[in-house]
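One chain, chain A, links the two complexes that follow: it is found with chain B in the first and with chain C in the second.
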Partner chain A sequence: MNKLENAVYEMNLLEEQAGGCGRLNSLPALFKVIITVWYILLTVSFHKYDIFGLLGMGIYPLVLFLIYEIPFRQCIKRIKIILPFLLLAGIANPLLDKNILGSLGNRQVSGGVVSMATLMLKGLFTVLAGYLLIVSTSIEKICGALRKFHMPSILVTMILLIYRYISLLLKETNRVMQAYALRAPGQKGVGFKAWGSLAGLLLLRSMDRAENVYESMCLRGFDGSRGNSFQYTAEQKAKPADYIWLLLWGTGLFSLRIVPLLTIVGSLLVKG
Partner chain B sequence: MREKMSHIHITLSNVTFGYEKNQKILKDITLSFGENERVGIIGANGAGKSTLLKLLVGLYTDFEGSIRVEEIPVEKKMLSRIREKIGYVFQDSDSQLFMSTVYDDVAFAPRNYGFSEEEVERRVNEALEAVHISYLRDRHTYKLSGGEKKLASIATILSMTPDIILMDEPSVALDPKNRRNLIQILNGFGHLKIIASHDLDFIMDTCSRVILINHGRVIKDGPAGEILTDKELLESNGLELPLRFTGRESLFSS
Partner chain C sequence: MHMADALVAPAVAGTMYLCSGAAAGYSIKKVRLENDAKKIPVMGVMGAFVFAAQMINFTIPGTGSSGHLCGGMMLSALLGPYAGFLTMIGVLLIQCLLFADGGILALGCNVWNMAFYGCFLGAMLIWKNMMKGGTSKARITAVSVLGCVVTLQLGAFSVVLETLASGITELPFVTFVSFMQPIHLAIGLVEGLITAAVLCFVYEARPELLWGISGTEKKEGRFSLRATVVILAAVTVLVGGGLSLAASSFPDGLEWSIEKVTGEPELEAGEGAYDAAAAVQEKTALLPDYAFQNSDSAAGTSFSGIAGALAVAAVCVGCCYLFKFFRKRNL
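Moving on, here comes the complex of A and B:
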């Protein structure tokens, strides 16, 4: 498989996993979206030097990966493209903030290093939380949950269609690239002289396809101007156990935010 | 499927249409289609078959002349009512299947028309049953074969129990077995069917009336058996006799 085919394959696989019947999948999408947003808000609210408090928030993704048996290696493989950006996010902090906060062994640790690590962790945790949501919830269900939050229908529809458009664009690109490669033996990639026409062709073709999909939607009663015209999927009815899940994680995450769990455990160990 | 309404008909009067002002694709078309008719629209590539079908469902409304579907004029404010009555199956099934599962795709129209989830489920099950693909209900659409996609596409329109079915090149990309299956399913429907295709054997198997179009004009309108066996007429309009009438030897001659 080439890179584009692999990307399409991965998207399809992700969608299949999201539509599966695992325990995390069967939870109402609305509850998962609420907890994910809640988790992200709490995570990013930590102070830039509060790395030990932040580490406690790692419990949420850790527990979900373990309890619901979501392959962690596969997750890392999928998010690896984002990891360098997380590293780059706070890379200048050690240069800008040289204020010494403490020492690790016999090495002094500056505020810049701590804030860089905090920023990276925040990024990693939020990406993991987002991943756990999309690997267990189909895009239609996420969109349905967003509508429950009264997000404008037009915006939610755009999210759904852009998601669909990505795979459509990938498939078209793959077709064009294969046709090009078959008539350009020995070339690595696309010669720069063909870039313009290839990109233009790709745009026109994918617009044509998108137009057809839109026509097909219109013929089946879709009308973007009507607020509630597009229902994304069947409504999921929440069971009592789902409410307990929501309550436990809601309060549990808030407790992790206000109680420095790792510091307490650490001091208990030191005392012990 | 629900009982068909009586007096189902479509009338086109002096319809002229072009994507560009100076280039008319359809010229002065006057036609009518009656209840339970099985009509094939044939013509060479670019003759205007697909455009004609798209006009009937109001995908383009800036045409000259008039089109009426069950006495409802095809104009922007009436489109919702018209599209409830007409099911349109695209040539490319991928255009029609954009949700992740077959169920969600077939449920798309009933949900848009505001039916309850119980009613949506009933309609989806009936539509899938009508094309014998109930087993594909929860399958992801990207995993379907070409034949399955075509049947799923048909199910997406049947869930609205249309009175009229329009199909654009339905036999394209189907293997012989799926083609035969599709013919049997289509022949089992009591709807008014209008099928645009240049697969004349397919038209022969599914339609009793044929309309031949060339350069945007209706050249001939009559019984399928008469038009599809008229070699001279077909050839002068960029078509050939259906394969079953050509004789095997002609395939190997010259």
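Moving on, here comes the complex of A and C:
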């Protein structure tokens, strides 16, 4: 599967999962967006040496993955994308920060090693939180939640349109690339002489498509005004249980941020 | 250049959200003033186009690698800076949500680094000003390359500042900058050329689609390819000759780091292989330490810069031709 086909496949898979009828899927998108942003904010606010405090934040993705039975395999791809970049950013830490923080058995552990591990963990947890949001919430519902945050309609409508047309243009680009590959066997990528014409023709076709889209939207009542002439998603009404979910995770995550849960549990076990 | 959430501290992320939010608010106001209902669907489809086109690998001649299209410059050249900026926000948000390309908290930073410079500086300062005197393919090429290089350099520099301000890496500022900027200089050049090829095609086929171009008539010849090459050569001489005067008086990143650690700008080397290599270098180097032998004059430093630029260019061109020659023979 090439890069374009893979992107289409992943988008379809995510859309299918987000459209499911699981318990996490039925929660209001607004609440899920609030908790996700809250979780990411709290996670990245940990000090670079506070690795045990940070580990406690792993409870949120762990619980959600287990309770709502969300498949983890698809998420590994996302982790694989992000970890090399984080490794690159933190690789110098063990070399430059040799301040000894403690010991693990006979080995001394430097501040650089701890700060690098913290960076990797932060990356892992934030990616998992983002994945949990997108795997349980469709883009339409996220756009609806963004409108409730008073994000301007022009921006939200455009985001939704980009999303709608991505899969279409990915498929079209894939067809163009296949046609090119058949005419240039054994060649990797697009040759210099075809740079302008290949992407340029795709662009002109996209522009023409935009004209057709606009006309179709006009026929369905779109007038581009500030009002909501564009339907994002069906209204999601929050139930009392949803408010409890929001409250519990909101306060629970904050407690994990200020209380070193793992250290307390560890000291109890050691004393016991 | 997409930053992950783990690379930013909440304070930095919040500040960048405010900056990007202000730019987005201003852009929305400007787009609304245009009162063009057609613009929103066009922005949507163009955003999807940039997303799809960035997945095409464009082969770089003479090398085995490939490059991609520069989204910010391309969108602002077609939609204008305000609509282009908003479209880039949409592209970055979808990339972050669907493909984990950049973080949700770091979105403000990513919008600033990749959309703001490309759309506002690239379109308002570079594209608009250089297109005032008329449009030609050579001019579009020059603007695209310059725009991509400048905006990518600024974006990479912002990544360094944001990461350091967040206290994520222990790398010193100079080392981090000297690692980031040259890589993005090469990327900017390639992305600029690809963007130029696409924009030149649009200019030939449908010039009315380009933003900031007065009328649809072509004004060829005012800025020919030869003139472009001459200007680029002059810039190379200026950078190699003029800026090397300033650069040579300061230590580079590695020298600076070593001086901070050991108190000496260069490490003491052992005997044996090092001495033998140094002796060979002494004999072969025309311009040791970027100056004429036994001379500390500024002219010597300047000449070294120019000679260095020419030599590197010659080696690059030679290697490319050699690579092509052997590849053809293998086929």
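Keep this in mind: the second predicted complex is superposed on the first by the 241 of 272 C-alpha atoms of A that agree within 3 Å, B and C clash if a C-alpha of one lies under 4 Å from a C-alpha of the other, contacts with A are read in each partner's own complex, and residues count from 1 in each chain.
We take it that contacts are C-beta pairs under 8 Å (C-beta built on N, C-alpha and C of every residue); 3 or more make two chains touch, one makes a residue touch a chain.
Every value quoted in this text rests on a predicted model; they were computed, and no experiment measured them.
Enquirer: Go through the superposed model and pick first if A:213 touches only chain B, second if only chain C, both, or neither.
Expert: Once the two structures are laid over each other on A, A:213 reaches both partners.
Enquirer: Touch check for A:237: first (chain B), second (chain C), both, or neither?
Expert: Touch partners of A:237: none, neither chain B nor chain C.
Enquirer: Kindly classify A:3 by the partners it touches after superposition: chain B alone (first), chain C alone (second), both, or neither?
Expert: In the superposition, A:3 contacts chain C only.
Enquirer: By the touch definition at the top of the document, which applies to A:107: first (chain B), second (chain C), both, or neither?
Expert: A:107: touches no partner chain.
Enquirer: Look at A:222 in the shared chain and tell me whether it touches chain B only, chain C only, both, or neither; answer first, second, both or neither.
Expert: both
Enquirer: If we overlay the two complexes on their shared chain A, which of chain B and chain C does A:16 touch? Say first, second, both or neither.
Expert: Only chain B is touched by A:16; chain C is not.
Enquirer: Chain B or chain C: which reaches more residues on chain A?
Expert: In the superposed model, C touches more residues of chain A.
Enquirer: Once chain A of both complexes is superposed, is A:164 in touch with chain B (first), chain C (second), both, or neither?
Expert: Touch status of A:164: both partners.
Enquirer: Output check: A:139 vs chain B and chain C. Expected answer is one of first, second, both, neither. What do you get?
Expert: Both partners, chain B and chain C.
Enquirer: Intersection of chain A residues contacting chain B with those contacting chain C?
Expert: 139, 164, 209, 213, 217-218, 222-223
Enquirer: Give every residue of chain A touching chain B within the complex, in rising order.
Expert: Answer in residue numbers: 12, 15-16, 19, 138-140, 164, 209, 212-213, 215-223, 229-231, 233-235.
Enquirer: Touching chain A in the complex: which residues of chain B?
Expert: 54, 57, 59, 79-80, 83-84, 86, 88, 90, 92, 94-96, 98-101, 104, 107-109, 111-113, 117, 120-121, 140, 142-143, 156-157, 160
Enquirer: Considering only the defined contacts, which chain A positions touch chain C in the complex?
Expert: 3-4, 7, 10-11, 14, 36-37, 40-41, 43-45, 48, 78, 81-82, 85-86, 89-90, 92-93, 95-97, 112, 115, 119-120, 122-123, 126-127, 130-131, 133-134, 139, 142, 152, 154-155, 157-166, 168-170, 172-173, 177, 187-192, 195-204, 206-207, 209-211, 213-214, 217-218, 222-226
Enquirer: Considering the complex alone, what residue numbers of chain C touch chain A?
Expert: 4-10, 13, 24, 28, 31-32, 36-49, 51-53, 55-61, 64, 66, 69, 78, 86-87, 89-91, 93-94, 96-101, 103-105, 163, 167-171, 175, 193-194, 197-198, 200-202, 205-206, 209
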